[in-house]
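Labels A, B, C, D and E are assigned to the chains in the order they are written; within every chain, residues are numbered from 1.
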Amino acid sequence: MTGPDPGEGSAASADDGSAAFPEKSLTADAASVSGDPRVEARGLSKRYDTPNGTVRALEDVSFEVADGEFVCVIGPSGSGKTTLFRLIAGLEEPSEGAVYLGGDRVTDPGPDMGVVFQEYHLFPWRTVAGNVRFGLEHTDASDAERRDRVQRMIDLVGLTGFEDSYPTELSGGMKQRVAIARALAVDPDLLLLDEPFGAVDAQTKEMLQRELLDIWSETGKTALFITHDVAEAVTLADRVLVLGSDPGHLQDVIRIDLDRPRDRGDPEFGEYISLLRHRIGADGDR
Amino acid sequence: MTGPDPGEGSAASADDGSAAFPEKSLTADAASVSGDPRVEARGLSKRYDTPNGTVRALEDVSFEVADGEFVCVIGPSGSGKTTLFRLIAGLEEPSEGAVYLGGDRVTDPGPDMGVVFQEYHLFPWRTVAGNVRFGLEHTDASDAERRDRVQRMIDLVGLTGFEDSYPTELSGGMKQRVAIARALAVDPDLLLLDEPFGAVDAQTKEMLQRELLDIWSETGKTALFITHDVAEAVTLADRVLVLGSDPGHLQDVIRIDLDRPRDRGDPEFGEYISLLRHRIGADGDR
Amino acid sequence: MGTDTTSTAAETEATGDRVTPKGAAETPESTDRMAVLERLTSRRARYGTGGIAAFVIGWFLVSLTQPSYVLPTPAAVATTFIEEASSGGLLVAIGQSVLHWIPGTIVGTALGVACGVVAGWNPTIDEVTSPVVRLLRPVPPLALIGFAIAWFGINHAGAAFIIAIGAFWINFYAAYGGVEGVSEDLVDVGRSLGVDGDRELLQHVVIPAASPEILTGIRTGIGRCWMLVVAAEIFGVPGIGRRILRASNNLQVDVVIAYILVLSLLFLIVDTAFRATQRRLLVWRGETR
Amino acid sequence: MGTDTTSTAAETEATGDRVTPKGAAETPESTDRMAVLERLTSRRARYGTGGIAAFVIGWFLVSLTQPSYVLPTPAAVATTFIEEASSGGLLVAIGQSVLHWIPGTIVGTALGVACGVVAGWNPTIDEVTSPVVRLLRPVPPLALIGFAIAWFGINHAGAAFIIAIGAFWINFYAAYGGVEGVSEDLVDVGRSLGVDGDRELLQHVVIPAASPEILTGIRTGIGRCWMLVVAAEIFGVPGIGRRILRASNNLQVDVVIAYILVLSLLFLIVDTAFRATQRRLLVWRGETR
Amino acid sequence: LGGSGGGLDEVTVAHMPIYPDLQWYVMEGEGFLADVDAEIVGQEFTDGPAIIQALGGGDIDVAMFGIVPSIIAIDRGLPVKVTAANIHEMLGIMADEEFQSLWEEHGAEAFAVWEEQTGSPFEFGTFPQGSTPDVFLRHWLSDGLGLDPDSDVTITEINGASAVWQAIANGEVDGTSIMEPVPTIASEEGADVSLFKTAAEIMPGQPGAVVTMSDTVRESDLAGQFLSAHVRATEFIQENPDETAGHVEEGIGMPEDRARTALESPLSNFITDPREIESGTEVFARFAEANGQTDEQRTIDEIFDYSVYEGL
């Protein structure tokens, strides 16, 4: 438990100068990375035609994500976070611009991207193992390989023993772990998560965050994690993309220079939270 | 925002001796109150007959709640929290023992008790105002009185302007506020809440807790609040009843001697949390 | 959307629970609003018309290979239709059918909803009636014609009885399912807010909560009742069904099809009207399915 | 529970979505487990038997006031039933009806599910077919007898055709609603996990996800098809329906009721069997309704 | 409603929109019923059993329907008797033309030859067992030809003239026992199955639709008045086929030109005198008993009341 024991391990990042945040960090530098990016969004725009008119959900968003990086996207409701998620996952076509994954343009969804939704979206008619196996059934892996990989993934997310349970028999936190295992099973280049922990209670959420970080460092995956919880972004991210509304646009990019595991009691942590809150201009509900 | 600014207002409670918690606080003293209690549970037991046998959901639970007191009930899943809630609300008959509200034995649910459930349970076919008015329609208040009271309640929970919205149009936090306003509208002697903030996100939860405390102190209601979130109990309660499982029983009663508003950053707060966690023996999910 | 989901078990689902509003379009630019709307509806209309056209052409082609006493051409049916309409016979028949369709539907619906609500609400009544209900449910309305004549006579009342039976079961099951599905917690909330006794709880909590299912049942029942008009008019009572039966006895397939078309169209009109009502009554569901 | 929700729009709801498992009984004491179970089921049985008894007594009382060609006594019906059963005529009739009921139900169900899935999945097909579907839906199966004879002849195939039409629509709407209700996000998950193309998506995601609705449609359809046996046997084909028609022509109401009872009982058996299958197929819903 | 009570200011007449009930439509259309001292209310039905049930319910005073349901009604103890006939010898056997040539060669043996040549027994499709056409057919086969209706041929039950016609038109059956308008339509459409034998040849006095009256009506003057109108209608039909065809179109819905042709048919033998169907009725009463439709064989005395007609 990260609990409330103060000062331990957070000291290491102190030399970053916590009071000296760059006041405006939205520069080409912050949005791009050195070396070949794993993910690249170039001038992404998305408009929806609806009976009530055209909605500009996203407008000219460009950024890069380095290999193995953990990037969080944060922003108020309606700022286009989910839209961005869907564009990157290839679930929708951008109105303008393009997404590149490992240099290739993304046109379709596919197993090179592991997606995790807020509402889990497990296949309710499949057991835990069946869900995790789902993506593997569409590869040419052998049966034994599949079984092996499924078991490894289930162990990884700590659900050993629940292989034959159906989703209805699981708690919210357990369901989300299955969703993560399922996404990881096909060994994607990028793990894409849209507010995955939005629906679980606070304690479970903290635990899942810890586990996700463990999995991330263990597998070395690149992760793009959407959230509207500022503390979550600061807990998890190497960098945070801040989206703004009307139309959805990239407003800010903030690098979180804290060593992991991060401690919420740490004053620097609190300062990052204040900074992000300030940048979002968010004030709670709605 | 209570946010992460440390030290302010928490100093006042320091003279209580934070290191000197009574090691075993389950005494007649801790479970009972001085003066006439508002609520009294005497030897409550509840057994359920099911096709798989008899479940002893609650076994010999006795305690008192003083007038105007804020009591939280905490315990692991299956420890009988909801059962206790339903017995006190008169929604179910105890197998043994009885509940007294202001000295009268509780036999039926009624408007002397305001109940709030985790899943809101708003009447979806009624607007916000219609929901809040519901209980008043079964009293002999005049139309004008009703309208007036409904508006006051809606203002109290900060939903002014949403009078004519339907529940489907509201966020989770807003729905729970409507449920609270609805429960308060009939001016109950006791406000009973079963994990009311279990389904909303962390930020909203904090805000709702603050608002509930404001409403509580403003109206002077007695409150019995069920939760499984330790931090929530410490934030809200004058006293915390800790239930244990198998069968559900009253394991512990802990008085939270912290001035309000309470600050999560306060070390004493943290110590209470540790104490409670230790007493529950809880460690997270499931 | 699209194919209108009506009249069977199935559609209850479609108009049913899985309403997940998307909160779409919060920042519309109303400049091109009308244009988009028009584009969407005109597409629907175009495709739908295309479908109808294809159907009529298909019918025409098949009718060429079939003698007219099996399948007359669309043109022949149209001619008959126009003749019947202009002679006024069509309107008269509609008027006659409506005379038992309306009371039959109303009585059957009211009784069905009432019994369904009671059985769904009271477990004892439910347990007592359940085997009888399961036994009676499969009795085809046609088999009840004898009773209709014996008890109500050859008049609109007898025909209405047949129709009411059809409406009864559909509404019984819809109301039963709806009431059974009402969250007990919602009822608990009602009780804790001072609603007391079965009658009050039903009125203030259970029936409103079950109203989506009840309304879907009513809508389905209205549709089925139109189809029962033919069965109801097997004896004595005049109307559309009688025209169909008589034409069929005289081997006039064109007349049969023309009057079936009348049934279809009336069904469409009534159903569309009811759907609008239903939607208005259920605004609170936050979705316009 | 209790009244079994079958065969209409309504029940889809009842067996439908609002499954909120309660995770009951986590610390059972198995000592008295059987006792409780027995107590619960015997109560049901007692009440149900009481209901049936009351029904039969009521029937008996009414039958005293009615001539036997309107409502024979339960005893007369029972006698007829036993006679028919022991003479073997009943079994023969069942055997004959099954010969078209089974193929009709299977073909109608398969086509209905297939078309419903396609229309629910593909918006273009849906928009094209939707008006035609709405027009054809209300055509009573009886009106199609001419086509049945012309296209299939007076044989089990023709009768199966009539039955198939009935099964078709119910399954069409059930599958349509089910597929339409499948969460798009679930489909997106499937796509992101490498499922490609309409066929694969339907097979691996959409149809399993819609299976509760599809199965309910199938179950409802099976029930309705039994009732259509009477209509299907109006021409030439022997079976239970024909017995009912003949007896009804001869005003042998006791025979009519006896055979309607046969229909009811067969329906109960088939439905109970299918419900068991359905429950097994849907264990993953975590509720045994 | 109906005048089954004492007063009888109103007489409800049950009828069916079928050719054998033509007198009703003529009486109505020509206004012949104005001479009856009560208000006449027509009530249309599609089948005989429904009329019996309505008779039992006391809703009907006069019923114009088939002889078989009339016998059943009497067997069930309803206070009614047959006072007149509408038509006789109205049924015909229709058969495939190939069979008709076989018949010319082999006579009754033709059925066996047919089975030999085609591999399956000759198939008749007609109304359900116990119906008037069915009894007529079985009578012909067994009593006329000495064949076994259950083994030497196949008899398929088909409900409704429409379905019978569809079956003929689609070559689903080889023959039928049926009344107008099917034979007329068959010849108009050039079907392979055509009229082969008429009732007049097979079963003189074959009964069809009859006028059945409740005792209350029979005991009043209204019965005679009604039958007078009936006689007028019968004469009108014979004398004015063109105008009659108009009534057919109006009442039954059969197109006028087709009705005109049907009126020329050998099966259009409209009558009123109940004695003309006496001999045939005996046969039907016997079959009704044998089929289990009646509990015992009803006698001519039980079925008929000639007095009304004879008192005219």
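Simple rule for what comes next: a residue touches a chain if its C-beta (ideal position, glycine included) is under 8 Å from a C-beta of that chain, and two chains touch if they have at least 3 such contacts.
Just so it is clear, the structure is predicted and the values come from calculations on it, not from any experiment.
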| item | value |
| --- | --- |
| Chain of greatest Cα-centre distance to chain A | E |
| Chains most often in contact, by C-beta pairs | C-D |
| Reference chain B; chain at largest CA-centroid distance | E |
| Gap in Å, rounded to a whole number, between the CA centres of chain C and chain A | 48 |
| Distance from chain E to chain A - Cα centre to Cα centre, in angstrom | 84 |
| Where chain C and chain E are represented by their mean Cα positions, the distance between them in whole Å | 39 |
| Multi-partner residues of chain E (at least 2 other chains) | 47, 49, 53, 56-57, 160, 162, 166, 169-170 |
| Chain B: positions in contact with at least two other chains | none |
| Set of chain C residues in contact with two or more other chains | 69-70, 146, 150, 183 |
| Sites on chain C touched by chain B in the complex | 19, 21, 183, 185-186, 188-196, 200, 204-205, 208-209, 211, 283-287 |
| List of chain B residues in touch with chain C within their complex | 86, 89-91, 108-111, 113-115, 117, 119, 121, 123-127, 134-135, 137-139, 166-169, 182, 186 |
| Contacting residues of chain E [partner chain C, same complex] | 1, 14, 17-18, 43-47, 49-50, 53-54, 56-57, 59-60, 160-162, 165-166, 169-170, 181-182, 185, 189, 252-255 |
| Touch list for chain C against partner chain D, complex | 1-18, 20, 43-44, 47-52, 54-55, 66, 69-71, 116, 119-120, 123-124, 126-140, 142-143, 146-147, 150, 169-178, 180-181, 183, 213, 216-217, 220, 223, 226-227, 230, 244, 253, 256, 260-261, 263-264, 267-268 |
| Partner chain E, residues of chain C touching it in the complex | 67, 69-70, 145-146, 149-151, 153-155, 234-236, 238, 242-243, 245-252, 255 |
